[in-house]
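We call the chains A, B, C and D, going by the order they appear; numbering starts again at 1 in every chain.
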Amino acid sequence: MLEQLRDAVLEANLALTAHGLVTLTWGNASGIDRERGLVVIKASGVPYASMSAADLAVVTLDGEVVEGGRPSTDTPTHLALYAAFEELGGVVHTHSTWATAWAQATREIPVLGTTHADFSPFPVPVARELTASEVDAGYEASTGAAIVDAVGDRCTAEVPGVLLPWHGPFAWGATPAAAVENAVTLEQVARVALLTERLRPQPRPIPGPVLAKHFERKHGPRAYYGQR
Amino acid sequence: MLEQLRDAVLEANLALTAHGLVTLTWGNASGIDRERGLVVIKASGVPYASMSAADLAVVTLDGEVVEGGRPSTDTPTHLALYAAFEELGGVVHTHSTWATAWAQATREIPVLGTTHADFSPFPVPVARELTASEVDAGYEASTGAAIVDAVGDRCTAEVPGVLLPWHGPFAWGATPAAAVENAVTLEQVARVALLTERLRPQPRPIPGPVLAKHFERKHGPRAYYGQR
Amino acid sequence: MLEQLRDAVLEANLALTAHGLVTLTWGNASGIDRERGLVVIKASGVPYASMSAADLAVVTLDGEVVEGGRPSTDTPTHLALYAAFEELGGVVHTHSTWATAWAQATREIPVLGTTHADFSPFPVPVARELTASEVDAGYEASTGAAIVDAVGDRCTAEVPGVLLPWHGPFAWGATPAAAVENAVTLEQVARVALLTERLRPQPRPIPGPVLAKHFERKHGPRAYYGQR
Amino acid sequence: MLEQLRDAVLEANLALTAHGLVTLTWGNASGIDRERGLVVIKASGVPYASMSAADLAVVTLDGEVVEGGRPSTDTPTHLALYAAFEELGGVVHTHSTWATAWAQATREIPVLGTTHADFSPFPVPVARELTASEVDAGYEASTGAAIVDAVGDRCTAEVPGVLLPWHGPFAWGATPAAAVENAVTLEQVARVALLTERLRPQPRPIPGPVLAKHFERKHGPRAYYGQR
């Protein structure tokens, strides 16, 4: 049961380290089996070097643990995202260096080039600050709600990630592997955007036609990028 | 047929990853067989980790696919360069971090040192912005035309690469391996130039005699660098 | 005798290199056996690449060498920390890049995000400057005393590391491995804090409730992070 | 003949790559046999990945090639240093990223911390600009003369490296391995100094007593660092 999903979630967690997005244990990837209503997620505080399928937990959408050790402390955030967005198959959270710098600066990442436009036509948003009572009562679930607010009425394929203020990025996709790919892209977009501002403090925004072209040729109905 | 060229192009694509110029699938290297008029290029959206000769496409100079999967979306740009510059044997495109920062800042890279002078006696130019109609009708071929404009009446050995505004670098050479070497050099030149400006916002330009000496000792008619 | 501690200290020293905190021989990790009153520490100037248990020295709390070659020149600093703080089981010193930049800038690291809050509720302090006579008479022991002053009346679990001005970080923990983990965290906190200031010169401090939540959920009496 | 020196020079060249100081073929290490008056140096333009003892050249102090392919174009610079400073056993030149940024900014590296003080009590100097006629007639030998001028009446153990303006670093030592170690240190000192200035534009200089203490405990007559 869930063997394929477990494999995909284990692979996604290991990919976070391989891509340099994770220091020590700070990150987690999950995946969902929509039919069974079960989420597989990294257990809390587990080191990546020796991670195996046994270090994954299985929880219901209500957060009840069905199998494995204590799930990641961020599990309620993942669950809020799966509940809000039916199309999601995987969710990733990290404290990756460059995206975290933007998060700590509480600044959205502007669309400065085609690398960003290949990923999203919008700036990467910063979720709103939680109130003290939201932090006290269900901090992690409130965090999920704030991310959902930040996506707003846009579709998750156009907003594949969000920054938590003073914290770091969340990213998602149709599968755990796609969520990792979006987390990798968000990190690189964050890095190059910071460097771009060093070279030109107020960068000229990417012209609209080029932005649209890049997003559409990769994700639009007439996409012609990749093997299909 | 084309076996040697296929090997060279595969090796060039893998070298892009080995040199850290490529994130995920964002980059492509090609090579040309001038006698047959055929170009070998990476297929679109293919991951580098498992790439083999089967992940290469063969196209004519008119862009007709002769063998393999869908070629890189950037193929028309490569073809425009091969058509304009007979001396080119290889072309490379990446979104490498530091060169992309200059591209997103829409700034040419000034000649700040001998690493640059060993590569080119000119600043690395930024190609002109495309018009909305150029983007709509044949974006990738128009991109190639803009690169050709940026080289202008100089020879490609003196302008071994160009930045696409809001996008990233293209580089080239007599072979796919030489194109990769120029892409690696351009990235390092971009990196050190950005750091130099941190230490001195208006760096003094490299004196003319040193610039000329370095380019000439490596590329001039009386070059004395390397084994010959 | 001390075999387990020797293994732990060797592993901690090797982990410093594996985490990229050490250039050449610049760093050292130690551990203590409280019952026997013996400290195991890296020998002075030994390269990491070929390090074995034979490159460790054993010293008393008075600094007398019991076994092995000349101990690290920084040994008196380690001993001062073990003497002042009974709860410490391991101590680490490095010249890691980003933490050393803050140390050379003689600036404490402000709490800019949850990565920091997961580690400590306080800014990372800078120890006071030594007087000329402190430098002359027992420089390394005086350094230890200055670190103890910087912790002040707080507990070491809340101040898991300190910056030496113009020098670099010291970090500690209940075991040599925990000390390494704190050194890794301090370096990443230092790196992201520097980058955050590039994006926003006067960053808004992390709100108090989020800071408290993160430190408490990991280290407080009702902690719910990790497997327990 | 010279087998041991050849091994040491090969190892030093390979260490440049292992320490990340070299891109492509841009760097060279040499060593000298003072009794025979012969210098072993990397051949020009040779790739590091496949380098073997056969890729080394042997030259006299007058620059006559005794064995091997064409020596590095920078050979006359190395020879000038060996001629001027009898105590040198190894010389290294690279275009390493951070030291090259300072060189391109034509700024000496100030002594901002103990990492620098462990290496040299002086700022890392920038050699003077060559005149046009020095560039024309014997550029590489003139470069050597300018480095000798930059060391001045100080001893090479106190000035273990120099920056060439708009170019990059030279470093040296009693052996090829010691020269590599100084090149590695110079690069790290350059990196942390640049980052320090980001955090504090006009850093307070390291206090004199700490500077003296660190240089003396490692290199002075009563040094107590390392195994002796």
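Descriptive notes on the structure:
Please note the rule applied: a residue touches a chain if its C-beta (ideal position, glycine included) is under 8 Å from a C-beta of that chain, and two chains touch if they have at least 3 such contacts.
Predicted, not measured: the structure shown is a model, and the values here were computed from it.
Number of steps on the shortest path from chain B to chain C, with steps defined by chain touch: 2.
Overlaying the C-alpha trace of chain C on that of chain D calls for a turn of 90°, given as a multiple of 5.
When you average the Cα atoms of each chain and compare centres, the chain farthest from chain B turns out to be C. Note: centroid distance chain B to chain D, computed from Cα atoms, is 32 Å. Chain centres here are Cα means. That of chain A falls 45 Å from that of chain D. Counting partner chains per residue, chain B has residues 198 touching two or more of them. Arrangement of the chains shown, judged by which pairs touch: one closed cycle in which each chain has exactly two touching partners.
Chain C contributes residues 23-24, 26, 43-46, 69-70, 73, 95, 97-98, 100-107, 129-130, 132, 135-136, 139, 166-168, 194, 197-198 to its touches with chain D in the complex.
Contact residues on chain C toward chain A in their complex (touch as defined above): 112-115, 118, 181, 184-185, 188, 191-193, 195-196, 198-200, 203-204, 206-207, 209-210, 213, 217, 224-228.
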